[in-house]
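Below are two complexes that have subunit A in common, paired first with subunit B and then with subunit C.
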Partner chain A sequence: MLKYLAKRILQLIPKLLVISLIIFLGLQLLPGDPITRTISPEIYKYMTEAQMEQLREALGLNKPLIVQYFTWLKGILRGDLGYSQSSGSDIASMLKGRLPSTIELAFFGLIVANILGLLFGYIAALNKNSFIDYLFTTLSVIGISVPEFFFGIAFIMFFALKLKWLPTGGRMAAGHPEFSSRIKYMVLPVFCLGISLIATLMRFTRSSMLDVLNKDYIKTARSKGLNETEINVKHGFRNALIPVMTLLVFRLPILVSGTVVIESIFNYPGMGSMVLDALSAGDMPVVMITTLVISAVTLVASTLVDVLTAMLDPRIRLE
Partner chain B sequence: MENTLNENVLEVKDLQTRFRVQKRVVNAVSGVTFELKRGKVLGIVGESGCGKSVTAHSVLQLLPKVGHIENGSVMYYPKDGEPIDLSKYGPKSKEIRKIRGKDISMIFQDPMTTLNPVYTIGDQIVENLRKHEKLTKTEAKVRVIELLKKLGIPNPEIRFNEYPHQFSGGMKQRVMIAIAMICNPEILIADEPTTALDVTIQAQILGLMRSLQEEHGTSIILITHNMGIVAQMCDDVAVMYMGRVVEFGTLKQIFTEPKHPYTTALLRSVPVLGMDSDEDLETIEGSTPDASTVFKGCEFAERCKEARPECFKRFPKDTFFEDGHRVRCILYEENENG
Partner chain C sequence: MKTNSLAKLRFEKFMYNRLAVAGFIMMMLIILACVLAPLFTPYDPSYIDVTIKELPPSSEHLLGTDRLGRDILARLLYGGRVSIWIGLSSAVGACLIGVVLGCISGYFGGKLDQVLLYISEIFMTFPRYLLVLICVGLVGQSMSNIIFIFIATGWSGTMRIVRGKIMSLKQESFVESCLANGVSGWSIMFRHLLPNTLGPVIVDMTLSVAGCILAEAGLSFLGMGVAADVPTWGNIINAAKRLDIIQNMPLLWISPGLAISLFVLSINFFGDGLRDVFDPAQ
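For the complex of A and B:
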């Protein structure tokens, strides 16, 4: 298991490098002087042509691309992400305020979606062709086909405006940064974000579970005199989870991009709204760097899911 | 005295098992009667689809959801204790779960799919043992390793912690036998245990079953379509056709004086050592009818060489001979009368 873990973590490195290379080349293709993205525009405004030339020399912007790439990469690793073209503020400090709130949202969205999706799928499979099965499968069609912004608006109308149970948006009450005060603000966005994932996971878990319950080793388990719970959970569900995990890896990026829409509906101050602002302002450096961050987070998360799958399935672990 | 009373460890009487597939009813087993003698091996033979596997699964109520026992009884006579009619308990009941894996256990056809891929083989054997006997993990492990050694699995201490995908087919079937035998059951039901294995491995597995049976006095129901295996392993034989036992007798009775035309044909279709190489093997003409066919007379009549007009009109009855031989054929009913 440790060997597998080490292997997966080592495999992360080339993947991250490839992504960073793509982002770097994308930045090179942008119109305009690269020096405007490298230093703060506040300083840039008062510089003469000669000073700029000197700075280009000092920053290595005249050197071959490959050298520049490594200089850039070193900067990224040190937290030097460059400057926004529209606001002029440095991207690292912009991210510092936004990234945690988005990760919070996506993380809890993932947890809630997993628990509910797996649970509903398990229940539906065990009650195949019953009322509860039909109810869940019908609801899941709605969950998959109706876009999340509709749910967002509907939730705000119903739970926030009509019932007044939960706030309409924002991340925390003014002056209350502690986690407990944030929970109330997170409920609606987390559910909106999770709905389509709950629905997909439910369907997938259901069919995977039905598939596993037809396997011969379930008959073996039954022939040992185990009770239904032992058969369904220990021998059934554990095996049914393995293909579901694979689905989860592919759904992760969708979860991250889903936050963009959800954040703007709930006025949630995360990466999503930052990306939207940057896109409408044509602020490509910000777009590129956020893409880099999102890809990196997704890669790390999918590696975690892979490790989880390996823990479930010895055939992967011992390959 | 006890012994004479309990000569049979299992008596299946008039067992009927039905499958309901979308309003269509299929009689997979329609009135099967046989006895399993204590410490003996009973072979159930027949073509594919004749209901032998369903019969075996009916004993422990391991049928798929659509199948259920419609009628008949499955009497189990434990060595000590009251006889139990297994067909009267639900497939999920506590009573039947106490018997599964402990008193009566089962081995299935394909060892590639009958072991759970995510647990070590040690875990899977220990699971059965600890379900039925109060043992600590270490005690259970000692017992399991002992049995694995007896089953000829090399390095049992290491292999105990390995997963099914690290085992070959023959080794997996040994593990299945270990799961089935770990609680020293009174009855072992083996549903075509060697069909999915190489011929050389087949002989080893059968040999192992034989030696375990001799050591523990386990009674075995061996389901197969292979007459060679029957001849090698069994004491008694039940020949099945279309969900019914058409002939029942000792190995000698079945092989030397087969009475039912189907048994005769079945035996003639197997090559025998020393047979002339240009001698043709006989085949049974036609094919097995669909399981949902409704018959008015003998199910075999259409393919039978000795069929008479009467055979198509009414069901044959069981004819009992003095030596315990039993046949379900109209030809012998007449002999009895005349």
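For the complex of A and C:
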């Protein structure tokens, strides 16, 4: 297991490097003097042309691109993410306020989607071709077909404006940052974010579970006289989970993409809305650096899911 | 004669799947309604007349008018043309690139395969929306740019499917016989191997039309898709970002929302039916 873990982490590093290289090259494509996004505009304002030239020399901005890349990367790793071009504040401190809220949203979306998706899939598979099965299967096709913003608007209309059960948006009531008061702000966004993942996981769990239940070892377990619940849960469900987890690795980036739309509908102050604001202001460095951070976090999370899968299935570790 | 009867068999199997047939019919009806838009509405979707703004539904304006007095039904039908066109052309374009790269990757293998596979993996680890947003920021908002971006970011799934298929087909004896007869590598790839992978590719393409339409709608909803003066399903819904509009003009967001949902739903049913026909093992 340790060896597998080390292998996965080693595979993670080149991927992170490639993504950072893409972002770096993207930043080079932007018009304007790169020095304006490397140092604080407070300092930049009072500098003479000679001082700037000196600074360029010191920052290595006259050196070849590849050298610049490594200097830039070193800065990123130290938390020096550069400066926004529209507001002039440094990107790292902008992210510090936003990153936790997006991670919170995505994390709970993931948890809710997993619990409901796996549960519905499991129930549908055990009741194959029954009314419940058809109901869940049809609902899941609707779940992947209806755009999440449509669900979002409909939920706001119904649960927030008509029934007034839940707030229409935001992250917390003014002056109440504690978690318990945030829960009701999270219900609608988390659920909207999760719907398409619930649907996908349900479909996949159902077919994977049906596949496993036909395997010989299920018959063996049954002939050993184990009770049905034990067979379904310990032998069936556990093995059915493995392909589902693999799917989850591919779906994670899609879930994260979804936060951009969801945050915009519910005025949720996360990274997604920050990217959108920066984009409308033409502030590309903020967009790109945020993308870099989100991609890195997603990649690490995917690796975690991979490791979790390997814990479920010893065969994967040996590959 | 043999292929003929196989096609007939598949057709019969498809017709037996009622949901898939219903999906196909619904899809065709929506496409027809959009293509023949002038027959259903006399209005110009972009004609602004503030004297008749925010009208409720009436016999003249079946779905009412929006904030600028434009007829919502006209915008819905003409907007459908743009949305469906973006979905179709992006899916076909991305699919073509995926097929070519998948063939090359699967047939030649080795270093080239590793590199192509790695690139596709990187594409899959990026949250696609953010990648699209960066591209929009770099090249600007327009219909052709959106299609270009969707093609550039959407080929990796097809590439993996084709690559896997080609790798297993490469072991078959008909490839060996082609080689013995001196058929060139490119000809084996595209004339002998590729046709055998088309089933799953067509299914994948159908479902990715749905994905592209959803992506365009989401992007336009955020105000980052096609320029705001071009009607698309997403652009119409974009107005529903304000709470007063959500509450007071439900038709403005329900009608395009339903149009997107119904169209994507019918494509998904159709695509699932195709999958059952082409790929019974799934």
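Note that the second predicted complex is superposed on the first by the 318 of 319 C-alpha atoms of A that agree within 3 Å, B and C clash if a C-alpha of one lies under 4 Å from a C-alpha of the other, contacts with A are read in each partner's own complex, and residues count from 1 in each chain.
Simple rule for what comes next: a contact is a pair of C-beta atoms (placed from the backbone, for glycine too) under 8 Å apart; a residue touches a chain by one contact, two chains touch by 3 or more.
Computed from a prediction, not measured in an experiment: that's the story for all the values here.
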item	value
Partner chain in contact with A:Thr168 - subunit B first, subunit C second, else both or neither	second
First, second, both or neither for A:Ser181, with subunit B first and subunit C second	neither
Contacts of A:Glu228 with subunit B and subunit C, given as first, second, both or neither	first
First (subunit B), second (subunit C), both or neither touched by A:Pro314	first
Partner with the higher number of touched subunit A residues, subunit C or subunit B	C
Which of subunit B and subunit C A:Asp216 touches, first, second, both or neither	first
Subunit B versus subunit C as contact partner of A:Ser257, first or second or both or neither	second
Partner chain(s) touched by A:Ile156 [first = subunit B, second = subunit C, both, neither]	second
Which superposed partner A:Val18 touches (first subunit B, second subunit C, both, neither)	second
Which superposed partner A:Met288 touches (first subunit B, second subunit C, both, neither)	second
Subunit B contact footprint on subunit A (complex, rising order)	215-217, 219-228, 235, 238-239, 242, 312-315, 318
Residue ranges of subunit A touching subunit C (in the complex, touch as defined)	15, 18-19, 22, 26, 29, 141-142, 144-150, 153-154, 156-157, 161, 168, 207, 250, 253-254, 256-258, 260-261, 264-265, 275-276, 279-280, 282, 284, 287-288, 290-291, 294-295, 298-299, 302
Subunit B - residues contacting subunit A, complex	60, 62, 92, 97-102, 105-106, 108, 110, 113-118, 120, 124, 127-128, 131-132, 163, 165-166, 176, 179-180
Contact footprint of subunit A on subunit C as seen in their complex	118, 121-122, 124-131, 133-134, 136-138, 210, 214, 217-218, 221-224, 237, 240-241, 243, 246-247, 250, 253, 257, 260-261, 264-265, 268-269, 272, 282
